[in-house]
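So, here's a batch of structures to check.
Heads up, the next two complexes both have chain A, just with different partners, chain B and then chain C.
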Partner chain A sequence: MSITFEQVTKRYNAGPVVNDVSLRIGPGEFFVLLGPSGSGKSTLLRLAAGLTEVHHGRISLHGRDVTHVRARDRGVGLVFQHYALFRHMTVGQNVEFALRVRGVRRSARARRREELLQLVALEGYGNRMPDQLSGGQQQRVAVARALAHEPQVLLLDEPFGALDAKIRVELRETIREVQRRLGMTTILVTHDQEEAFSLADRIGIMHNGRLLETGRPESLYRHPATRFVATFLGAANLFLGERGPSGLRLGKRFIASGTSLRAVKGDPSGDHEVVTVVRPEDIEVSEHDEQLDSGALGAGQVLSVDFNGASERLRVQLEPEWDVTSAIGREHRAVGGTAPTGEQQIVDITRTSAEQARLALKPGLRVALGIRRFHLLPTPIASFRLLATAPATVAALRSSPLLRQLVESMQAPVLDAQDAPTGSEREGIQAGVGVIAAGSHSIGEIARAAAQGRRWLLCIPPRAALPARILIQCDYEAARSSTLRLVASVMRHLSAEATFVSLQSPAAPRAEATSAFRRLLDARAELQEIHGLDIRTDVHIGDPASWAAQLAVTAQPALVVLGVESTPSDLERILSSDFGALFSDVSTSVVLLSYTESQAQLAGVRLDTMSPLFPAQTPQGAAAAAPAAVPVLPGTPA
Partner chain B sequence: MIDRIAQLPGLGRPQLPPLPMIRRQQIPEELGRATLLGVALLYLLVLVALPLVIVFVQAFAGGVRSYLAALLDPYALAAMRLTLLTAAIVVPMNLTFGIAAAWAIAKFEFRGKNMLITLIDVPFAVSPVISGLIYVLMFGAQGWLGPWLNEHNIRIIFAVPGIVLATTFVTFPFVARELIPLMQTQGNEEEETALSLGAGGWQTFWLVTLPKIRWGLLYGVLLCNARAMGEFGAVSVVSGHIRGQTNTLPLHIEIMHSDYNYVGAFATASILAMLALVTLVAKALLERRQPELRARAARQAV
Partner chain C sequence: MAEAVQTWPTRVGGAASPRGPWTPAEGATRSERQFRVLPGFGLTLGYTLFYVSLIVLLPLSTAFVRSAELGPMQFWHVVTAPRVLASLRLSFGASLLAALINAVFGFIIAWALARSRFPGRRIFDAMIDLPFALPTAVAGIALTALYAPNGWIGELLAPLGIHVAFTPLGVVVALAFVSLPFIVRTLQPVLGDLDLEVELAAQSLGASRLQTLLWVVLPTIWPALLTGVALGFSRAVGEYGSVIFIAGNIPKVSEIAPLMIMTKLEQYQYGQATAIAVVMLLASFGLMFGINGLQLWAQARTRGRRG
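After this line comes the complex of A and B, so read on.
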């Protein structure tokens, strides 16, 4: 591996800006770090260059640990957005700089200088001053300068940010060309997804200091794992769907039958609410249902038609009777300039010119919509459902910092107990994550909700602060996968550091301790392999009750994720005997419970990201289902 | 981005289009402008230009011969030598400390940074006489360190070291004050690039940072030098006015003036005035050379 980050963390006063990032970049790979501003992507690049010190973790370049190596000895080429050329030197002197400080002879320097200027198509410009060149030319000088000392890796920090559109595309081609010719491992930081798509071998998406997902551009686009990535990379319609016994349903319509869903993935996770991603180009439009070639979603009125040259963008308002709900919280939906539409679902569609020719559309027409292809997000957190009914409690829960942060970052909807049950709840499928207020009564409430089939419950004490750490405890083999799925989803959206805790009794026999360690490592490996996330591990010697008691009163509030497998009747007993303190009135820690009902046939089967149906239209290579990020395992030979 | 624009010639300050004027108001406005200009010029003439002219007129009142005689007086020569010596010690010292302080403030985040910035400004805020007194209180015969210095036969007050110390204190802010805003707006990217290209700390300083700040630095040094040669108050307190030994040019002028030796006083004063004029011309040339400094000077003038 050319560049390896292992659990790299960088903190400023406020908290981590780069949070437990693990990433491997192969030789000659062009890796693009994409993210909104403030997501930590530039900081990660500066860490790689040695301009900033890491607080935790390890960075290697070509197998050499450089975590504590100074910037000047790392042998990286660095290009900034504003070129950072030495203004008082000529172009030639700029390019030679790295050789000059190394004491290379003048003649050798001149040879290399001409070579590099030729590489970036600036022959004959050696005697000019930087100010006499255009922005694009200056950036090419910066690239040539960064290559002079034959660095092992090239780091580019928004190199096109200060250039206008046309020059940007030209320079992009130059850089890609140079990178290919030299076979140089490259990291480029940008917030421009078009740039990322056109340059990257692989893209990593950063948000709030976390590396959310990595993958090849097309696989990230087709199979995102989070709402954030689904909507950040291109446009997407996100619907709440239900996977019931009879298949995937959006609103009133079944999009795929249950047998085909199970046949495709063999998903054992049972029936639950899911987030369905449908790209605008995967929606079919026709006049009537019967004319649709794909699974029908519903019908609605065309709100607007925008012509964009190669394609056409439609906005269609679905009629309320189709009962389709957005998987994006109300407060996160783009209004798009039209009048407020209340709870009605607006669908974004793009059509090619061939489709336009078949059926011309004007605003106001009624059309039927079909879904050609979709993707289900692997997150178990499709929505949050407040189970409390007292208005004061509901208000307190809604304003709790943790829930607000989760909702803000995941863009998930929060539903009140009074809200109409979603279709799935009518079907007896428990939707989303139940949210209750902590207190002495909460264990009973949890047990009741679990008995009704609710599998994920968030229990928030009044006045709980935003957790500074996430602690995961799950000693049940059968509950692990679904717990980790929940953990992955939460981890991606909180900046807190996550630790998997193994509780071990001091009196336990050796064999039991060994198996506890195994479970710890298995959990970490599974999180890395399937979710591409890294986690810390810790062992607590003592019984669960003492651990819980300690956490309940800690000054450093935690989010405690408990994975429990039991029968509904046993759940109450387990929670109160082992973790009772966490649910007491004085506890400051938030509990997120992942409950798995004891069912022998479910044990130990691994969950996986769901892939689109309709295989006829989606060639499903192995890559499609492969985990997005390449995990880093300790002790794996590089 | 802003500072980048500011570096382009002619783009330092946004040029606002002239406000549309109504014709009727034009005549009173022009009149007002002429009046204001006239008052300002008259003021400058009476208070600044005229005294300068008088300095030179008085210096040559007794003819060129007595002018030269006054300048070649051994005491005058000693004062000149001491002034140049002081400047030669003080300016390089303040240059070094100024760069170091500006570097620390502009490039690093640390506790007490605002405290340091305030401390740098103290010499501006404190009256020079008090700065001189502080040294007397510290190093004088009755001062804190006086007995110890006396035992070891070290003379600071009423000697050259005292003069150098007082002058250093008074002129410390000039270089640092000039460099801090400059370095803050320039940022760190060039230095970081240089490091990544394999340059060491010193190489980065000499090859990248120093060229970046050279004009601002020169400007600060000029101001510092002018003040070092012209300082009166602080030096007056610590020097002891020993003719031929601890008299600098300003002190020498004052003594001659008290002795009713007007030709001598003005002749010596003309030397200082010349130095000031040369400094001003050099400053103007620098500002023409460096649009950024001009913009700053304009801002400070406002």
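After this line comes the complex of A and C, so read on.
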């Protein structure tokens, strides 16, 4: 690997700007870091260049650990957005600079200078001053200058940001060609997706300091894992759908069979609400349902038609009777629905000129829409559903900093208990993540919701601040995968550092300690392998109740993700005996529960083995039970 | 010029008489006029000339007129008297030395103020201006109290054989005090505007800190540094109040030229006083001219050699 980042973290004023980023870039690869401004992409590049210090983690270049090597000894070439040329030197002197500081002889310098100027097509400009050149030419000088000392990697920080559109494309081609000819490992930072698509071998998308997803441009575009990537890389329509035995359903009409779903990557099993991504070009438009070649979604009225040259952009408002719900929260949509509850679903469509020729459209016409191709997001958080009914509690939950942050960055919808149930709920499927307020009855409420089939529950105390860290606790092998899917989704959207915590009793036997360590490693490996994210791991010596009590009063509020596998009846007992303090209304930490329903006998074994480890907290009956074998068996697949 | 806000309807052959705020812009075609906030060019120029004449040129020319009363031989005699020559040498020498010392330390202070954020930075920043605001006599007394052989610093230096007060060294110290703000204030905005990325670029290209400073930073701020030194120097040459206390005014040793002028005036020898003044004026003018030339040259180097 040419460049390796391992769990790299950089903080400014307490908040991480680059958060646990792990990334490997191969030799000769052109890697593009894409993200909105403030996402930490430039900081990551500067960390690679050695211009700022890493707080945590390791960076290696060509196998050499350079985490604490000074910028000037790293041997990287760096290009800045505003060129950063030396204004008082000629173009030639600029290009030679790296050789001059290395004491290279004048004649050798001159040879290399001419070679580099030729490479960037600026022969004969050596004696000009930078201010006499155009922006594009200046940036080419900057590229030549960055290559003079034959660096191992080339780092480009928004190199086209200060240029106008035409020059941008020209320079893009120059850089791509130089990179190919030299076979140089390159990282380019940009916020422009078109640039990323045209240059990248591989794209990494950053948001809130996290490296959300990496992949080839095509696969990121076709199979994003998050709403953010789906909407940041090109336009996308996001619908809430439900997966059932018959396949995928969107609203009343669209049904995809089970076979077409099997190919979906990271496909979660079980019936539940899912987020469906449909690209604007994957929607078919016709006058009548019968003329559609693809699965029908519904019909609606054309709102606007924008001609963009090669293509045409349509906005169609679906009629409410088709019951299609957006997976984007109302507050995040460009055009909010005017009707209070009857969702106005607006669909973005692009059509090629051939399609335009077949059917000319103008605003006001009624058209039928069909879906040619779709993608399901692997996130379990399709929507948030407030389970509270009292208006004051609902308002408090809606304004809680954590939920607001999650909703803001996920763009997920928050539905009230009074809101019309989505299609899936009418069918008895418990949709989305249930949100309840912490208090004296919250554990009971959670148990009831779990008994009704809700699998993910967020319990927010009234005074909880935005969590500074995420702590994950899951000692149940069977609950791990679903917990980690939830964790991955949350981690991508919060800028808090995540740690997987294993709780160990000081009195625990060696075998239990060993298997706890293995659980930590398994969890980390699974998160890396399946979700491409990295976490810290930590072992806490002590019993769960004191751990929970400590978290409930901590000054550094945490989001505690609990993965529990049990039966609904046992859930209440486990939560109140082990983690009761976290559900109190004075707690500063928030709990996100991932609940997996177990077969009864397995849950019983699990509880019995826990008992002797924490005798003080166990109910009297269980304390007498003999220690059984730890149910975590070696080699158990996740 | 970016004030092309409105254009005037074309009036072919219309004489452009600059009345009111509508005046033809430089290089603009006759048909278009541009709005300006300040009134017409004619009025502004007239006012400028009048003001400069009244405040600057008239008093200076009086010096020439008064010194002309002496006649060339006597003039030469006055200005080449050993005591006068020594005072001129001290005035210019000490001023130049003080300005050069401040070029180094003023640069460091300006750098710290422009680049670093430390507690008390604003107070520190305000303190730089004290030599501006303070009556210079106060500074002179304070410095003398410090550097006199029985003062706090003088006491420590005396056993080492270093005497500051009542020596040319004292003159340099006093002049360094008064000229510091000029250099700091000239450099500070330029250093603040300096593109940090240029230094980062130099670092990533393999330059050491010293190389970055010498090859990248200094050439960029060179014109501003020269301006600062020129300003500080001219302030020091004219300084009187703070120096006379600490200098001790020993003839031919620590007597500065402005003091010579004062002495002559007190003896009612106006002609001789103005003769020395004229020499100082010419010398200052010559030095400023030279420094400005150097500055232009430095700027031309940065801007690029066109044509």
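Assume the second predicted complex is superposed on the first by the 578 of 638 C-alpha atoms of A that agree within 3 Å, B and C clash if a C-alpha of one lies under 4 Å from a C-alpha of the other, contacts with A are read in each partner's own complex, and residues count from 1 in each chain.
Note that in this section contacts are C-beta pairs under 8 Å (C-beta built on N, C-alpha and C of every residue); 3 or more make two chains touch, one makes a residue touch a chain.
What you see is a predicted model, and the numbers here were worked out from it, not measured in a lab.
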Task: Assess the superposed three-chain arrangement around chain A: do chain B and chain C clash, or do they fit?
output: clash
Query: When the two structures are overlaid on chain A, which partner does A:71 contact: first (chain B), second (chain C), both, or neither?
result: both
Message: In the overlaid three-chain picture, which partner chain does A:132 touch, first (chain B) or second (chain C), both, or neither?
response: second
Message: Output check: A:463 vs chain B and chain C. Expected answer is one of first, second, both, neither. What do you get?
response: neither
- request: Could you look at A:101 and tell me whether it touches chain B, chain C, both or neither (first, second, both, neither)?
  value: both
Message: Just to be sure I read the superposition right, which of the two partners does A:362 touch: chain B = first, chain C = second, or both, or neither?
response: neither
Task: Using the touch definition from the top, say if A:166 reaches chain B (first), chain C (second), both or neither.
output: neither
Task: Determine, under the contact definition given at the top, whether A:148 touches first (chain B), second (chain C), both, or neither.
output: both
Residues of chain A at both interfaces, chain B in one complex, chain C in the other: 49-51, 70-74, 76-78, 80, 82, 84-88, 97-98, 100-102, 142, 145-146, 148-149
Message: For the complex, give me every residue of chain A touching chain B.
response: 49-51, 70-78, 80, 82, 84-88, 97-98, 100-102, 142, 145-146, 148-149, 162
Task: Within their complex, state which residues of chain A touch chain C.
output: 49-51, 70-74, 76-78, 80, 82, 84-89, 97-98, 100-102, 128-132, 142, 145-146, 148-149
Message: Per the contact definition, I'd like the list of chain B residues that touch chain A in the complex.
response: 1, 4, 189-190, 192-200, 203, 207-208, 211-212
Query: Along chain C, where are the residues that touch chain A in the complex?
result: 195, 197-198, 200-208, 211, 215-216, 219-220, 301-306
